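Two complexes follow with subunit A in common, the first pairing it with subunit B and the second with subunit C.
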Partner chain A sequence: MIDFNSVGGAFSLLTSDWSAWIYLIPGLIIGLFFGAMPGISITMAMAIFLPMTLYMDFLPAIIFLTSIYTGAGFGGSVPAVLMNIPGTSSAVATTFDGYPMARSGQHNKALGIALASSVIGTLSSYILLFVLIAPISRVVLKMGPLELFFVAAWGLMLLGSLAGRSLARGLLAGVFGVLLGTVGMNTAGFIRGTMGVPWLLDGIPTIPAMMGLLAASQLLGLINTTYLVEDEASRKISFRQIVSGLRQAISYPAIILRGAVIGILVGAIPGVGSSISNLLSYSETKRNAPDGDTFGQGNPKGVIAAEAANSSSEGGAMATMLALGIPGGGATAILLAAFAMHNIVGGPSFIGHNKDIVYAIIFSNFAQAVLLLMVGLGFVYIAGYVVRVPLRYLIPTILVVSTFGSYAIDGTSSGPITLFVFSLLGWAMVRYGYPVAATVVGLLLGGLLESNLLRTYQVSGGDPAYALERPGALLILAIMVVSVTITAVSKARRRAGDAAVGQQKPAPKA
Partner chain B sequence: MQPGQGRLVVMWGHLALLAVIAGVVVAYWMDARATSLKVNNLLLVQPASVLALMLVALVVPQCFKRTVPGADEEVPAESLSDLGKVAALAACFGAFTTTLEIVGFDVATFLFMIAALFICGERRWWLNLSFSAAFTMLLIYGYGALIPFPFPLTVL
Partner chain C sequence: MKKAITRRRMLQLTSGGVAAATLGTPSILRAQESYPDRPINIVVPFDTGGYNDRLARAFAPFLQEKLGQPLTVINRGGAGAMLGHTYFLQQPDDGYTILCTSAAPYIPLNILTQDATFTVEDFHMINLPSRDYTLMATSAGSDLTSADDVIARLKEDNSSLSIGIQPASADLVNLMLLCDANDISREGLRLVTYDGGGPTRNATAGGVVDIGLVGGEGFLPLAEQITPLIVFDTRQRDGWDAALITDVAGEDAEFVVGSQRGWGVHASMLENHPDRYEILAAAVEEASKNPAAIEALKNQQLATDWYGPEESNKSLAATARVMQQHVDLLQGT
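For the complex of A and B:
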């Protein structure tokens, strides 16, 4: 599986040319900064700096861009933890427990946990990529619409775990999100629900809608609070707490490994990527955790699961891009553009003839992950000061920054208007106990579910027996069913155990 | 608790939210059906709409609660002035997001900052005005340098 001659070639490429290394730290800092700015996506950060790479050699150019990719991947978790704003769709699950941790004064720890999980996630994904790049590319080529539909459905299973107190309200929030996610023109060319608004043809803008549902709605609700962290003593910025967060993340290797495996597998699927992997990893961790009931209230395991998966998706997406020349998302599309700018065509022929360069890119990513730990520590230390800003200043400034960010996506008012509408909807939903996160998940997956269901219907001619011809899809379905069954059984056992303990306890005095 | 005991509380806000959700779902479903009745159009939208309306029907009874004194109340308990502040901020935010391109990002941001800071509790005018002006400048020039689209401006 590993070509050791090429590994040697990669080492000589990286050690003979120091220009490959000097762009690492600037790339990471740019990525962290841009990733932490709401509305500025990883893709946008890479696109802004793409023209600069024209004047670099090929390898330094790719290393510079992948450093931005790595930095921005983690940068998005900083506003997710501190302000409940997922900078990108891949940081949605980080908000579920990261923000409650920050609200309870554990912002230092939450940021440390997110950083360590990201670093280890990135490292493990590239280690897996180093070993598995060839077999992964073979599997990805065999995925059809039914398999993609089941992957999206697996993501939707998260709705059940996000349901909160009322299952009906949780499901309603999720189904409503799915419906909103299908607004616009579907893949068969039918236009629905646009009300004649031209920008709704492409669907409801997802990032502004997410920012509105998760962040702006919370900000409206916080208007009568003085600080993000109410307890003055908990508002301290503590380097020790950040480091203790790092240590805590390392103490859950199984969660990180599960996140890394989910991240690399889902990240390798074109068009799916990190926006689903963080949700899948979160839901699987919640399902398997003995304290699954406390997820969503500031459980560190939720942050670890989400961050390990979204950062390791980078490795998966790189596998598809390098091995097949297929960009899984915007960021890898920019990398392919950088390939083209240097007159190099990505794909099977590239990997076949330039294995040394592929391995050099992988090795440089090991270095990026290690450097991210150091640069990221300084970055989160400074970012942590957000909790010391009075909310009367924080609320208007975040609302304005979110509005600018939503405008920055396509340069039209569609973003700001979507942000406003969804902030009102989110505020009302939070007020009456609906899990807005379920609506966000539905919104993200609605289009994907419909397009793959439609393609499956077209390919199969409506014959359900078609599923029997797709062993991969059946395998994903079987894994889903097994995982749900195991969870249901373990939950039932836990409930029975709790009931037994309750019966043994003396009745409380009236 | 005996049936019929306690005071019946109607959560009008929750009912209104359900009415909005049901309204959006029905309007979307009807629009989709008006577009085409082909399977390629309704494969996901129709079953999801029916499911959403069934779930709305399941949740509606939760808007009517019998409460007993001293019991945990699910009804949100903000004061009218708290709700008024939320409404005022939401109204300013709505005006800000919908008029950005018309009045210019600089003017809209400056005015929104002044109003929002006041609503959120900043009563020192000199600080409010100077912070709003400084923040507007920083954002217009800082964010403007990062993004590929120009912001429509009136003064700056």
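For the complex of A and C:
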């Protein structure tokens, strides 16, 4: 699987030319800043700098762009932790536990955890990519609609755990989100729920809607608070705390590994990517953790799960792009455009003839992951100062930045309008005890669920026996069922254990 | 020494600035006579990374060289180019905003299926170098090996093959015309609809669907993973080893050409700024014929052929007419 001649070639490519290295750190910093700006997606950051790469050689150009990719992948988690704004849709699950950690004064630690998980996630995904690039490329194209439907359904299981106190309200909020996710023109060309507004033909703009639901609704609720972290003593910026976060993340290798595997597999599927992988990883980790009930209240494991998965999706997407020459998402489409600008066409023939370049890209990403740790440490240290800003300045600032960001997405007022409508909706949902996160998950998964269910019906002609022709789908279903059963059994056992203890000494009512 | 800016000083500075601006204005007006004297925006009604975006970015340096002003690409994706086309027409027709789009099928589709407020005649195409064609293909590992296989299977049972296709596309019209020519019922075909050319091709190459009909140029990177079956054109394209539609359905086979992509302006620009139009059209022509441009774009699998305004607009209008005839096929599948 590994061609050692090419590995040698890759080393000589990288060592013979210093220009391959000088773009690493600028790329990472650019990525971090753009990724941390709400509304500016990874794709946009890369598109802005794409023209610059025309004047570079091929390898430095690709290394520069992948550095932005790596940096932006982590950058999105900074506002997710500090302000409950997922900078990109791939940081949604980071907000679930990262933001509660920040509010309770553990912002330094949360950022440290997110950084370490991202670094290890990126690193492990490229290691997996290094070994698995060929087999992955064979499987990716065979992913049919039924398989994707099961992946989306798996993601939906997260709804149960986001429900909070009332399962009924959680499910209702989730179903509402799924319905919102199906607004627009569906895959068969029918237009639903657009109310005649052409901007809704592609569906509700996800990022402004998410920012409105998660962030603005939270901020409006904070209006009578003076600081993000109420306890003054915890409001400090501590490098030691950040480092302790790094160490804590490393102490959960199983969660990181699970996140990385989910991230790379889901990231490799075209059109799915990191916005789904972080949800899946979070949901799996929560169900398998003994302290699963404390997820959503600031459990570090939630941050680890989300960040390990979203950053490792980069490796998966790169595998698909390099091996097949097809983009899995916006970011890899930009990379392919950069390939084209240097007169290189990605795809099987590229990988066949230029293994040394492929390995050089992979190795430089190892270096990027390590450098991200250094650059990221400085970045989160500075970003941490946000908690010292009084909320009466911070809230309007965030709202203004969010508004600009939502405008920047496609340069029309559809973004700010969506943000405004969903802020009100989010506020009302919080006010009446409905979990907004469930609606966000529904919104993200709705389109994927619907179009793949419809396509399954089209392919099979409505014949359920079609499932038997799709062993991959059955395998995903089996893993899902087994995983849920194991959790249910172990939970029941734990409860039985608790009950036994409870009989001897009446437990205080929570 | 402390040097504070007093209110009086501020006022002086401000009025000085206003005066300078006033003095400066006439020179700007004077310069406007020589078009272009400021950067030109290229509106691409698709997101970054697609064919039009790549075409605009790759061709821009050569066009820029001829016009002597920088070109900026503005992506206005969404709703099947409808938003971008509407946005473009809202810009002034002064030649400082030009369009790079898949004129066919998207302009007629916006009009026929999305109640667009514009008509085909609101646009004027300077050149549509890229003329895509529908390619019917199957996965490389498939037991279908030729057009005859596919037609025989569909004739026997028209639901026996799943067909990957985009709704409301030239490809769908071509499939239906092929079925009509071979007495295959349109009702009951197993159509599997995808949201874009890329996903349709992936599903075809991966064998998720039995056959796929989609724009052929985009299949080039996946060439090793597919078996091409029918090229919907009168001549062989891109070196595919496949039957031509004229071989399968006879010399007078009815079919529509696929996407026609390239450069357009407001139709009203020809009346309001005819001199600027001449300059722009000449620049596009010269840049299209520039050997360096041809070489650079060819390497990126992008087209630069010069057909000129007359032929480009004629061909767009012809496609729009055929699509109008088959409007029932284009609305919801």
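As a working rule, the second predicted complex is superposed on the first by the 505 of 510 C-alpha atoms of A that agree within 3 Å, B and C clash if a C-alpha of one lies under 4 Å from a C-alpha of the other, contacts with A are read in each partner's own complex, and residues count from 1 in each chain.
The rule we apply is simple: a residue touches a chain if its C-beta (ideal position, glycine included) is under 8 Å from a C-beta of that chain, and two chains touch if they have at least 3 such contacts.
It should be emphasised that the depicted structure is a prediction, and the values quoted were computed from it without experimental measurement.
Participant: Subunit A superposed: clash or fit between subunit B and subunit C?
Facilitator: Pair status: fit.
Participant: After the superposition on A, what does A:190 contact: first (subunit B), second (subunit C), both or neither?
Facilitator: Touch partners of A:190: subunit B and subunit C.
Participant: Could you tell me if A:144 is touching subunit B, subunit C, both of them or neither one (first, second, both, neither)?
Facilitator: Touch status of A:144: second partner only.
Participant: Figure out whether A:459 sits in contact with subunit B (first) or subunit C (second), or with both, or with neither.
Facilitator: A:459: touches subunit C, not subunit B.
Participant: Counting residues of subunit A touched by each partner, does subunit B or subunit C come out ahead?
Facilitator: Of the two chains, more subunit A residues are contacted by B.
Participant: Output check: A:397 vs subunit B and subunit C. Expected answer is one of first, second, both, neither. What do you get?
Facilitator: Once the two structures are laid over each other on A, A:397 reaches subunit B alone.
Participant: Please indicate which partner A:37 is in contact with in the superposed arrangement: first for subunit B, second for subunit C, both, or neither.
Facilitator: first
Participant: Students often get this wrong, so check: with C-alpha centres, what angle lies at subunit A between subunit B and subunit C, to the nearest 10 degrees?
Facilitator: Spelled out: centre of subunit A as vertex, angle of 90 degrees.
Participant: Does the superposition put A:334 against subunit B (first), subunit C (second), both, or neither?
Facilitator: The second partner, subunit C, only.
Participant: Contact-wise, after the overlay, does A:411 reach subunit B, subunit C, both or neither (first, second, both, neither)?
Facilitator: Both: A:411 reaches subunit B and subunit C.
Participant: In Å, how small is the closest CA gap from subunit B to subunit C once the two complexes are overlaid?
Facilitator: So the smallest C-alpha to C-alpha spacing between these two chains is 7 Å.
Participant: Take the contacts of subunit A with subunit B and those with subunit C, and give the residues found in both.
Facilitator: Residues common to the subunit A contacts of subunit C and of subunit B are 47, 188, 190, 410-411, 454, 458, listed in rising order.
Participant: Of all residues in subunit A, which touch subunit B in the complex?
Facilitator: Result: residues 34, 37, 40, 44, 47-48, 166, 168-169, 171-172, 175-176, 178-179, 182-183, 186, 188, 190-193, 216, 220-221, 223-224, 391-393, 395-397, 399-401, 403-404, 407-408, 410-411, 413, 416-417, 419-420, 423-425, 427-429, 431-433, 446, 449-450, 453-454, 457-458, 462 of subunit A touch subunit B.
Participant: So in the complex, the part of subunit B that touches subunit A is made up of which residues?
Facilitator: Within the complex, subunit B contacts subunit A at residues 11, 13-14, 17, 20-21, 24-25, 27-28, 31-32, 35-36, 38-41, 43-45, 48-49, 51-52, 55-56, 58-59, 62, 74, 76, 78, 82, 85-86, 89-90, 93-94, 96-98, 100-101, 105, 109, 112-113, 116-117, 119-122, 131, 135, 139, 143, 146-151.
Participant: Show which residues of subunit A lie in contact with subunit C when the two form their complex.
Facilitator: Touch residues, subunit A against subunit C: 43, 47, 50-51, 140-145, 185, 187-190, 198-199, 201-202, 270-271, 324-327, 330, 333-334, 336-337, 340-341, 343, 345-349, 410-412, 451, 454-455, 458-459, 461.
Participant: Residues of subunit C touching subunit A in their complex?
Facilitator: Touch list, subunit C to subunit A: 47-50, 53-54, 57-58, 74-80, 82-83, 86-87, 113-114, 159, 162, 167-168, 190-195, 198-199, 201-203, 205-209, 220-222, 224-225, 296, 299-301, 330-333.
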